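Here come two complexes built around chain A, the first alongside chain B, the second alongside chain C.
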Partner chain A sequence: MDAVLDRDHDSRMAHDASLAGHSRSEPRTNRASSTAPLPPGRITAALRAHWLTVLFIGPAIVLVVLVSIYPVFDAIALSLYATKYAEKVRFVGLQNYVELLRDPTIWKAGANSLVYTLGSLFVVIPFSLAVALLLNRPSRIQGILRTIAILPWVISQTITALLWGWLLSADFGPVTYGIDALTGVRVAILASPVWAMVALIWINVWSSYPQATLLLLAALQTIPRELYEAAHIDGAGSTASFRHITLPLIRSTLLVIVIQLTLLYFNMVTLVYVFTGGGPLSSTETLALRVLKTSFENWNLGHGAALGLIITLINLLFSLLYIRTLRSPKP
Partner chain B sequence: MSTRKASPVAKTGVIVASLVVAALALLPLLWGLSTALKPTAQILTYPPVWLPHPPTVESFTQVWQQSNLPIYVRNSVWVTVASLVLSLVLAVHAAYGLARFSFRGKAALMVGLLATSMIPGIAILVPLYNLAVHSGLYNTHLAMIIVYAAWNVPMLVWLLKGFFESIPPELEEAALVDGCGRLRAFYLIVLPMSRPGLLAGSIMAVMFVWNDFLIGFTLAISEQKRLLPVGLFTYISNYGVEWGQLMAATVIALLPIIIAFFVLQRFLVQGLMSGAVKG
Partner chain C sequence: MSRLSISDVRKHFGAVDIIRGVDLEIDDGEFAVLVGPSGCGKSTLLRMIAGLETVTSGEIRIGDRTVNALAPKDRDIAMVFQSYALYPHMNVASNMAFSLKLKGVPRAEIDRHVGRAADVLGLRPLLARYPRELSGGQRQRVAMGRAIVRDPEVFLFDEPLSNLDAKLRVAMRAEIKLLHQRLGTTTVYVTHDQIEAMTMADKIVVMRDGTVEQIGAPLDLYDRPDNLFVASFIGSPAMNFIEGAVTVNGTARFVAKDGFSLQLPRLPDGALGRKVVCGVRPEHLQLGPGGFDAEVSVVEPTGSEMQIVVRAAEQDVTCTLRKRRDVRPGDRLALIPSPESLHLFDAETGRSLH
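What follows is the complex of A and B.
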């Protein structure tokens, strides 16, 4: 990357020098005089490189700032106002936050988010690892099995929720029928607060395990076969080699997956909204879903913005953890 | 995975496990397909009728002719294509600039870009709605195209920057010597060589936009502007549930993604490895 095109090399130097001069020495001198000994040709080259940089990178930055960064500040402003539809009515300071934190149903939603996130992680990690181990075995059907196994990943949360809603339908669903045939009990899964959460966690696992599996598979494939062969010669069984070779070598990948999925699950809205809408009796209403409902069903944008920011803060904490994990030396 | 001589028991175990995994992934989809192909009388039955006999495309023709599905499909295709083009044009140049030019604060810019993709979409949905309403772009496809493009740009820039850096600058150098301008060298040499990266990034972006529900849900109100995932959802809440038609609509919505998945699987996996898009 540092091997730069010959013709551009000079312009780059000039460009760097001019930037340095701009920021360090007397701030208001003009660029040409602060980087004095440049012949005119080089100055135009420097300017051109500079222009090209701005022209190439600028538009993307502007768009990202407008659509991803500005809204955060707008949300902060909005969260300090009482709102009516899309209009700010009155500055209320932190009142929106106070009201949210005093609302017991918000804490219930927080608890639901926790159950949903941890419950999904608890199932998805062993499941995705098992599938990855299965796919890592050399076999004739490996390719086609991998294709099938990662298929749920490309199916949208909307369709996953609609499809499983139909599979679990109390009246006509094949899963309901299967349970009925095995146990003699015909359950309305989505009408029970506990079972609705269990079903929600399951369909979340169904739709998200493939990405964990793919990352784990990539990690497994970097482990040299010789390690297993050596362990085998030393008399280690497959359980022992899994514990002492596989697990330590995929540990960092597992950590990354756990953190990525934690964020994904914690912020997930569509799957929950389409599958249960938060019901029955708010038993599957998570914090993220609450933002959507507060904002676009109750039309309280001030509260919605405040709750969204609380979620962002929690995300920030997770992300810091993520960065720390990535930076920590790999074992 | 370790020992060579697998016992018959272990072998059977592996076969059973493979079947279970395949069934878990496939059966829900096949059930949807089976429902879509059933005559109405076989849909609402208990115990369920497993396979349609005879299979019929009745539900497909009904949902295509009697609902607004064609409008939703057209809208989704347009928004997906337009946002892909916009995000590619922006990201390709930004990634090249970041790969080839050196300037102060470049590393910070890259990290900042990555950080924006970590802002949860749900948290900025309200301000985006607000922004759309106050700029007069509410209920337009343009608003959705801009948001989707912006959300895909960080992922594309990170992915493409890596690709551009792996291409030796000497190639461009040679082109420059031959009298090619810097821009032409980029378009004619670097871009074509980065085709795998462009494809991986594009399919990630397309999948995200085609599948996303929230932006279409919050930034549009009218049937005429509605995107496909929102259309499927409102279908279920508006008319009660015609499951045959809903599953037919679902199959139609899934088809392009599944075809793309089978054809471009390799690139999709590569895209995933390079980092996820906003969830």
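What follows is the complex of A and C.
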């Protein structure tokens, strides 16, 4: 199988290479010879002439092919096979996909992904913008404030998940204790399907907002002070300034952030896996987590690969949609 | 249209005094220019009038209202910034309409105001364009349009021409002056360019180090500068200064340090027995005997006139000749100033000795 795959893969690579060569030589019409397939002797001659170029870009190409291009095609192939552990058992065509789409728990995971991604975006955008606006004000302790604001970002997702898991623990979590002391109700946040998702969204926002804040802060700092002064003289208060000056001028940055974070959230595994593991009752099991579980807990690599490709397609769709929005002319 | 009064206005940033007590009256409909070298406080003073900087002490009045505590939008002023500060995400029409829109003026009325301002400035064909699609001069015009639309009591201009090339600057200078003649709105205009000040102003306010050095009509400042600073700042090329003393021997004469002497029309008060500086404008020096001899070091013909730098009294003296002459570096010339055009200043205080 691998041999077949490799041959397929090689021929595709050769095709790509010839395409690249073709397009590169197009403007130089005087080098008509390069458009035709080179005989072996010419290839060696070309290699000898350009050995330095090959030496420099060769390793990079090998690396990209090995870790980036080969796995994609391997995954496509894998998704068309029934598997047993890491072995392909037999070719089943689109059977894996059909089974996945017929599985109601997959649709549930899809819905969870949607809630998790949109819920996080809904909170993180206003939150990060508010923090960026605060940090943009001149302050004597600006350096300290900025450092504090960035801290959650530098903490690894595993640590974040463990930290918040401990804070919210039903048995000994300080937050649980605090709620108990204030209201007399002992809540088990991570045992409730709804509250577990809420908590998950919150820690996700907590760990990822600095990324958005930094970008927004940079965007805010590019807005010239005179624009605010002109607006001030024109009669704009702080709300009107924000609406008519700040918001339109950071719009493209906001869009970039939304794209980045959508992809980040939709594909997030570590945080979810360590914090809730998908529970309780699969209420926080997202599609990305499901890929991991299907592949490496249930060891159904065929299904895992198929689901992974579906996610990739959704990601592509998201990206295309956003890129179109970004490219559309300004109002 | 309103009168603008500034009395004993001061501004400190921490321990630094930016404005050290300025008194200034600008009449209704007057075009006043604040001019001075960079860091003299002229822009700060303008921003204080606009309400963009607080006033540490003193009073600013527009019309019959004290505006110290008023927000910029309540002062009934409009400002044109050096960078134009056009809203980049709005087209020309929206830029001009912004203040009216915020005021809640009905759409039809906004359109009428914007249309009228656009006609005044010839902006009609540009109304749908964005600032990035405009040239420097057009942006400048839109910034003025935005100010006109508001029909304010006072126009404030903060070095509005300094981002334009020399030719456009001259054209816009005339345009702003024309606009002022047409609208008659009280205007305060800040520049570091004394030519702009001379050509545009009804009243020039020369500032240095946060204080006013002299206030007056352009030609008053040119003819009767109060002190060495104003004398050197107003006029281009700058006035020549020669150190020396005044003697009386039948007639009053100025005697330069290296010996030559110039006849004075009269003996200025208190000029005897002290070190003085004699100022003479390059355009008031003529070729002819009775003055001083000098060796030509540089000749700069501009077409309409010739500027010659000569060496006299151990210093460079600039001379502007209206008539073309075959003068070359190394030639010796006899130069004489007309006595009426000599300015005498106290060398220690820099004050004019009339």
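Everything that follows uses one rule, which is that the second predicted complex is superposed on the first by the 274 of 331 C-alpha atoms of A that agree within 3 Å, B and C clash if a C-alpha of one lies under 4 Å from a C-alpha of the other, contacts with A are read in each partner's own complex, and residues count from 1 in each chain.
Criterion: a residue touches a chain if its C-beta (ideal position, glycine included) is under 8 Å from a C-beta of that chain, and two chains touch if they have at least 3 such contacts.
Please read these numbers as outputs of a predicted model, since none were measured by experiment.
**Q** Overlaying on chain A: chain B and chain C, fit or clash?
**A** fit
**Q** Between chain B (first) and chain C (second), which, if any, makes contact with A:P224: first, second, both or neither?
**A** After superposing on A, A:P224 lies in contact with chain C but is clear of chain B.
**Q** With the two structures laid over each other on chain A, which partner does A:D234 touch: chain B (first), chain C (second), both, or neither?
**A** After superposition on chain A, A:D234 lies in contact with chain C alone.
**Q** Scan A:L255 for contacts with chain B and chain C and give back first, second, both or neither.
**A** A:L255: touches no partner chain.
**Q** Just to be sure I read the superposition right, which of the two partners does A:V72 touch: chain B = first, chain C = second, or both, or neither?
**A** The answer is first: A:V72 touches chain B but not chain C.
**Q** Specify the partner with more touching residues on chain A, choosing between chain B and chain C.
**A** Counting residues of chain A touched by each partner, the higher count goes to B.
**Q** After the superposition on A, what does A:L80 contact: first (chain B), second (chain C), both or neither?
**A** A:L80 sits against neither chain B nor chain C.
**Q** I'd like to know which partner A:F56 touches here: chain B for first, chain C for second, both or neither.
**A** First partner only, chain B.
**Q** Once the two structures sit on chain A together, report how near the CA atoms of chain B get to those of chain C, whole Å.
**A** 8
**Q** Would you tell me the residues on chain A in contact with chain B in one complex that are also in contact with chain C in the other?
**A** Residues 229, 231-232, 245 of chain A touch both chain B and chain C.
**Q** Quick one: in the complex, what on chain C touches chain A?
**A** Against chain A, the touching part of chain C is residues 50-52, 71-73, 77-79, 81, 83, 85, 87-89, 98-99, 102-103, 130, 146, 150.
**Q** Can you check the complex and tell me which residues of chain B touch chain A?
**A** Listed in rising order, the residues are 1-4, 14, 17-18, 21-22, 24-26, 28-29, 31-32, 35, 43-48, 50, 90-91, 93-94, 96-104, 109, 113, 115-131, 133-134, 146-147, 149-151, 153-154, 157, 165, 168-170, 172-173, 176, 182, 207, 210-214, 217-218, 229, 232-233, 236, 243, 246-247, 250, 253-254, 257-258, 260-262, 265, 268-269, 272-273, 276, 279.
**Q** Flag every residue of chain A that touches chain B in the complex, lowest number first.
**A** 1, 3-8, 12, 15-16, 19-20, 23, 49, 52-53, 55-57, 59-61, 63-64, 66-72, 74-75, 78, 86, 130-131, 133-134, 136-137, 139, 141, 145, 147-152, 154-159, 162-164, 166-167, 171-174, 177, 181, 206, 211, 214-215, 218, 220, 228-229, 231-232, 237-238, 241-242, 245, 260, 263-264, 267-270, 273-274, 288, 291-292, 295-296, 301, 304-305, 308-309, 311-312, 315, 319
**Q** In the complex of these two chains, what residues of chain A are touching chain C?
**A** These residues of chain A touch chain C: 224, 226-227, 229-236, 240, 244-245, 248-249, 251, 330-331.
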